[in-house]
Amino acid sequence: MSYLFNTPQQTEEMLAAIGVGSVEDLLEQIPESLRLDRKLDLPAPKSELELEQHVRDLAGRNVTASSRSCFLGGGAYDHFVPSVVDEIASRGEFYTAYTPYQAEASQGSLQAFFEFQTLICQLTGMDVSNASLYEGGTAVSEAAFMAMRVTNRHQRVVVLGTVHPEFRQVLHTYTDLLPCEIVEIPCQDGGADLNLVKEQLDEKTACLVVQQPNFFGCLEDVRELSELAHQVGALSVVSVDPISLGMLERPGNLGVDIVVAEGQPLGIPLQYGGPYLGILACRKEYVRKIPGRIVSLATDRNGKRCFVLGLQTREQHIRREKATSNICTNQGLLALRATVYMSLLGADGLNRVAELSCRKAHYAAEQLTALDGVELMFPQPFFKEFVLRVEKGVERFTDAAREAGFDIGPLLRQFDSIDPSVRSQGVLVAVTECRSRDEIDALRDAVRDF
Amino acid sequence: LATKLLFELSVPGRRATQWPDSDVPEQSLDELIPSQFRAESAPSMPELTESDVVRHFVNLSTKNFSVDTHFYPLGSCTMKYNPKRHERLAALDGLGNLHPYQREEDSQGMLQILYEMQEMLGEIAGLPAVSLQPAAGAQGEFTALLVAAAYFRDRGEKRTKVIFPSSAHGTNPASAALAGFDCVQLQASSNGLVDPDDLQSHLDDSTAVFMITNPNTLGLFERDIARIAGMIHDAGGLVYIDGANMNAILGITRPGDFGGDMMHYNVHKTFTGPHGAGGPGAGPIAVRSFLEDYLPGPVVRKDTAEDGSVTYRLADPPNSIGRMRSFFGNVGILLRGYFYLRTLGADGLRAVSENAVLNANYLREKLKDILPVPQGERCMHEFVSSGKLQKDERGVTAMDIAKRLLDYGFHAPTVYFPLVVAEALMIEPTETESKETLDAFSEALHAIASEDPEMLHQAPHSTPVSRPDEVAAGRKPLLTWTPCLND
Amino acid sequence: LATKLLFELSVPGRRATQWPDSDVPEQSLDELIPSQFRAESAPSMPELTESDVVRHFVNLSTKNFSVDTHFYPLGSCTMKYNPKRHERLAALDGLGNLHPYQREEDSQGMLQILYEMQEMLGEIAGLPAVSLQPAAGAQGEFTALLVAAAYFRDRGEKRTKVIFPSSAHGTNPASAALAGFDCVQLQASSNGLVDPDDLQSHLDDSTAVFMITNPNTLGLFERDIARIAGMIHDAGGLVYIDGANMNAILGITRPGDFGGDMMHYNVHKTFTGPHGAGGPGAGPIAVRSFLEDYLPGPVVRKDTAEDGSVTYRLADPPNSIGRMRSFFGNVGILLRGYFYLRTLGADGLRAVSENAVLNANYLREKLKDILPVPQGERCMHEFVSSGKLQKDERGVTAMDIAKRLLDYGFHAPTVYFPLVVAEALMIEPTETESKETLDAFSEALHAIASEDPEMLHQAPHSTPVSRPDEVAAGRKPLLTWTPCLND
Amino acid sequence: MSYLFNTPQQTEEMLAAIGVGSVEDLLEQIPESLRLDRKLDLPAPKSELELEQHVRDLAGRNVTASSRSCFLGGGAYDHFVPSVVDEIASRGEFYTAYTPYQAEASQGSLQAFFEFQTLICQLTGMDVSNASLYEGGTAVSEAAFMAMRVTNRHQRVVVLGTVHPEFRQVLHTYTDLLPCEIVEIPCQDGGADLNLVKEQLDEKTACLVVQQPNFFGCLEDVRELSELAHQVGALSVVSVDPISLGMLERPGNLGVDIVVAEGQPLGIPLQYGGPYLGILACRKEYVRKIPGRIVSLATDRNGKRCFVLGLQTREQHIRREKATSNICTNQGLLALRATVYMSLLGADGLNRVAELSCRKAHYAAEQLTALDGVELMFPQPFFKEFVLRVEKGVERFTDAAREAGFDIGPLLRQFDSIDPSVRSQGVLVAVTECRSRDEIDALRDAVRDF
């Protein structure tokens, strides 16, 4: 099926109105020699019933966070999603609308994005937020680019080795053709070595990139790191877990200049890695350097409060190659999900989720490290995620857990950029509010004699 | 009725969610996380009940125009119908709730879908090597340019120049600039097509990539595309096809067949990923085989064992430019594209483009008396009318017309783009609209053509707001709510 | 904009669905079903595309007022917020896709839910024996009356009379008549309550059942209910409590404790089953133990084995009146009620009623200057104002006020019921509305109280249609579309 | 949680405005002696997360039409439900609205119900339809009551023994206290014995109740049966499977006076038996005797076409004990589902579904009756469902199927009102368009040597 309207009779009527004899005639702009002289080689079409059976079959071959007890982390988490988030995001008026260029026809989305921006500022303690970016990894790169524009320093970005390895890879890819050097600071006991950081920061440095909690789940001294960046005139860019801000100090109070985040924990389904939600917020003096869309409050011709896409003069359709970024879409539907999620939870709910995750993670760490040959890799405070070192073989350990119905991971060995000594024996364990003590105890028992 | 902001609905003490008590042994917070890391006070966020939140957002939604409620002929955006089954299938637990770091052996169903998607996109493009990673069309452009750069670097060539016509989408030059290339823009020619001679004058051994949308943003097929591509190739450069307008040519002609070396798709346009009021999109790229090794990873590979059993795995191409984002890609949108392609098949897909072209030409014909199209005799899936007649004779601008259409229950076309057409109205009806709707749209435009210009300058009249002052908002942007902004 | 009818959108040849080809060996239709059974021609039904259907119904939906979009203070209907999680949980495959004839051993999860629901409803009622079968409140009434009849028959008593106050819901007499009882209506007393002495005069040994809503439809608790019940019992009759107003007394007092022998619940009112624009509802009944054996089946029973393991099974009570419908009951609605009760618990449930009563009394107080309440000093969860002042002084009717409220974005209260109040406006705010909403509603009513009566007679002014001619429609009903009805 | 708005402070403000000191004061209407002096004994409240985990756990204990291959029938069928049906029915504007008493605030639902009525008339060939009843079983009783009112005969209703046993039970319950005799005609070879029917029909009979296809899946001679009813001045009431009307002759062309149906096959989920959809349509001369709600086209004060609840003078809130029925609700949301379903399928889609079901059912019958000791119970033409007689033990037969992942049923033995000779060895097998040849073949193989 193809969702078409034109019946053969109507097609004839329309062709007659146009004054041609066939649809072929309309295609005569395309030189004959360039036409495909065969059918596309695609699978046969399926009816809705067949499609559903096919997709259910394939979906059934995947093991999900519902079918096994999920302790997987590494930037995407099995946090609970209240049903209202799905209910709102599944309204056709939201998900089948386009970018709100025509403000009069888009006040619903525009107001929601304005609310998103405000909630992000409230959550992070920053002054301004954009209306979202692709996801957390590119958000780091966009923040680095933004820092270069703000500082007018295009040669050097310093990034902690404790930042998500994939985020660091994206930064390398994005800057590959540019004269910008990406300097990575090796991790020291799971955190930043402040002396090393200080050594590497110089007056050519556009920004220092930090992740809090870092990829290993550990907490960094964001205040001190920001201070070090500022001492050389660089900006402090920090990538956060938004859920952690239910407990941890807001970056706005720690001297951070640009906050970025992967917004997936804010009510967005795991869906194998995307679409997720890039968050970027900053101090107000940098507002015109922000990449991506942004919504502004405005007044209409009758003096009524309304919302419009703002600061469009920074964007590609006006500035083309001088635009602050090539980003054209935002992640509207996911920003909406996060807005609904934050509206439902508020500060109190976020605090509850953060605290439950934190308490359960610490309990899990305690239980698992009580086992022989299993210990915490790093002696740092952590939030909801931690790295286990398993001397006897981390793969056998995770296999034993999997057999018993528990997914833990990812294994650090799959990230080339992590120090080999850490990589070979390490595995991440993430614990959210969805995990129960019973599950944790059962996991512990399952791996007791792996 | 005005819709208050969330913040204005807040009442201290209200709650929408409740959470379980902790079931693990109580520890003081200080034992868990030292106090210097913890916030001293809670963020100041709204306090609401669940029904506050529901009623707020349901009512907000009704202030949007959308494909589900309105004809949305926004040129260049391909606002086609989004099949409802896709939403429900993508939300199946086995797909929607799959962690990106789930093991390959536990993700075989997903990997099969993604592998088949790569194969289908390669076939439709005529460019066999595909990476699904880019999150949107603009990122696809950027990715392809990095692929091109890596290719030239391997060949020891220093090529710095990216060329594009003036009618190009703004993301083309922006992506080129972001990647570190020099941008060269071709002058617009009067027939709306790229002038090969003009192009020739810009070619030299610094030419890296020529970026072109085909059909172009005027809805015209670049007749000389094969010759143009040959010129680029002769100069040692690569041809990039912006796939934004693929809805016009599915199964009819293929970028790989008319000279393209690289392209991106907009899965959210051509293959019915819903637009979500501005995203998410998905911008997979397809390239020629000699560029395959540079693609960003991971891509999906298929292994067939001797007993015929098949497994799928993730792999990084050997000379990959690296990652473009974390995790695999915008899988949720790719899934919708996959469902669509599996539903349509080859004949269905070709019928999509044929009907998109038919609808566009029909509407073009119906409007030509009041909104003539300066370039071309026919169009592909969209056309760009000029409102110059209206402007000159009655002082009615393209914007006036666009705004007034909202009163008639139609979303506005894209206006003032591309810049080569005066008072441009860029109209793309798509194949999922009926002749009756096109007729009604035409009638509305004809009615508008004889309405009082003063009234039109003030339009729209029936929408929740009318003509926001965007200039003032740009001068003094108000980007977050504060209590003094209460309505 | 007007919404055409489906039939007016039809174009011959359009299709919204596609179906697989048959995969079984081809046989001629005559071999399958003899031709005399088969239709010679297809029914004349509309031919539409999928997006026709979607846009049609989405746009239709926006012409409704609903709890999700509007304050809906419809007296006696308990239009409270419907939690969204209930919709999603009820649609889980394990619940939504369970066949009614699935074996008991393969339905244990469902049977456990239904068993627990029986137990909870029995506890809330103070009437321990429950049947979940009735499909709606009115069927619950009918069912209970049949139970009563079976009970009397077993006792060899011939009792034919059902008594109810004049303020009773119309379904009470209708159910009694349907079952074959004689109906006796009590006169209204000036204080809005049942007059025990008047009641006494109607009691004799033909008295079968006294049906009473408590709190009654004026929102007043029948203070003398215990005495009244005693009188009925002394006369050998049974007391039936219409549970429509249970939202006022949850956890505060129980029908079984104030003398009721039987009652029904409206799960779609009290326990958040959504109203669905007129159903489905669910009307389970709870009765005293001595009536248990007469309940309609099946009911769910729990068996505990010696090893402590529990199984659930369906059973018919020994002297059951029989089935009231096919299959088990309106399970989808019962599920929502179950989710609600499991979410609230005892304290939460009591808080529901306390806040329902608080909201009603607050609103009553705010409106008393313009819409006084003739009966009672306070109210329970709802109250009945009289618009007589407005009618006498300005010629503005309760209907005018109700219609005008729509222009303010509020659904109308119930009007002209109960009949004992002149120009009745029956207002039930429910506990899931905020003080701010009640204040805004009060402001709207105060504004209306000084608006031009002529304008009010024509209200509403902002809705898709205004004041349909119901008399003409009643005289000459047009109940199906025919081509000559095109708009 | 309890979805409440009033905070303690607001409660104080509101109490002060009312002029009382506490909520208790508001409850003083309730005599102290009648108050519950303890808390209700209910399970402890659950948060959304806990509720979801609890319900998913219970749901997982049920075997559904997705988890096992479903050949269950007997009045509820696993037909395919297009996603658009769910999309529309899950819009809050529909499912959280009340009965459309205020026409101006309810045009969406009213128009949909008017469309429902029209579609039902088109499908059945009748003149008028109401806006739905509870479900198929009560619809039969309502039709019988209606026939009594139309014919003014209140003493006798004749019903074929091939009507769904539960529908017949309901009819007995409904008429228990009335002077009406319900006469059941024993089934003859799976169908009506026309001579017996003729014998039982007399001039006191209000109606003859037939089911087509009948409970055993077999086809009745509806035209002849209607004729017999008419010969004694009785009405012909026929309960149909709406899907069958994609192939079978419309009752309107067969002399039927009142058509009723269980509408579940029209896009309504199985949900363990309800809520389903009662359908009732009739000839136009009986319009004022129709029970339940009905929507009429009307004109508003500006002459605009609109829709209103019609013929309300028949209903309880006006006629009280003289009402045509005590039915107050209709099944609005399910009528909406059926309306969307029929709009999507149209005549062509219904024909495809009917034909696919019919073809596959006949294939299944052929395959299964090729097995030793398994035969068709009745030698009648059937539509999508048939009764197998399994000499060797029908319970072992269905157990074997179940073991292999196939549900067939119900067993006839669970219906007391069916003739014992049929009951003890019979089992229903229903086949819809969702079952594939592969499934049918696998079922056959699974029970080959049961």
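Read from first to last, the chains carry the letters A, B, C and D; within each, the first residue is number 1.
We take it that a contact is a pair of C-beta atoms (placed from the backbone, for glycine too) under 8 Å apart; a residue touches a chain by one contact, two chains touch by 3 or more.
Each chain and its UniProt protein: A, D = Probable glycine dehydrogenase (decarboxylating) subunit 1.
Not measured: the values here are computed from a predicted model.
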Between C-D and A-C, the pair joined by more C-beta contacts:
C-D
Inter-centroid spacing, subunit C versus subunit B (mean Cα positions, whole Å):
47
Which integer distance in Å separates the CA centroid of subunit A from that of subunit C?
46
Express in whole angstrom the distance between the two chain centres, defined as the mean CA positions of subunit C and subunit D.
19
Please output the residue numbers of subunit C that touch at least 2 other chains, ranges allowed.
11, 15, 17, 19-20, 49-52, 54, 58, 62, 68-69, 81, 83-85, 87, 89, 432, 434
Find every residue in subunit A that makes contact with two or more other chains and list them.
1, 3-5, 10, 45, 48-49, 52, 56, 66, 82-84, 86-87, 90-93, 433
Viewed as a graph of touching chains, is the assembly arranged as a line, ring, star, complete set, or other?
complete
Within the complex, subunit C is touched by subunit B residues 1, 9, 11, 49-52, 54-55, 58-59, 62, 68-69, 81, 83-84, 409, 432, 434, 436
Complex interface listing, subunit D residues touching subunit B:
1, 3-5, 7-10, 45, 47-50, 82-84, 86-87, 92-93
Going by the contact rule at the top, pick out the subunit C residues touching subunit A in the complex.
11-15, 17-20, 49-52, 54, 58, 83-85, 87-89
Contacting residues of subunit D [partner subunit A, same complex]
48-49, 52-53, 56, 66, 80, 82-83, 87, 90-92, 433-434
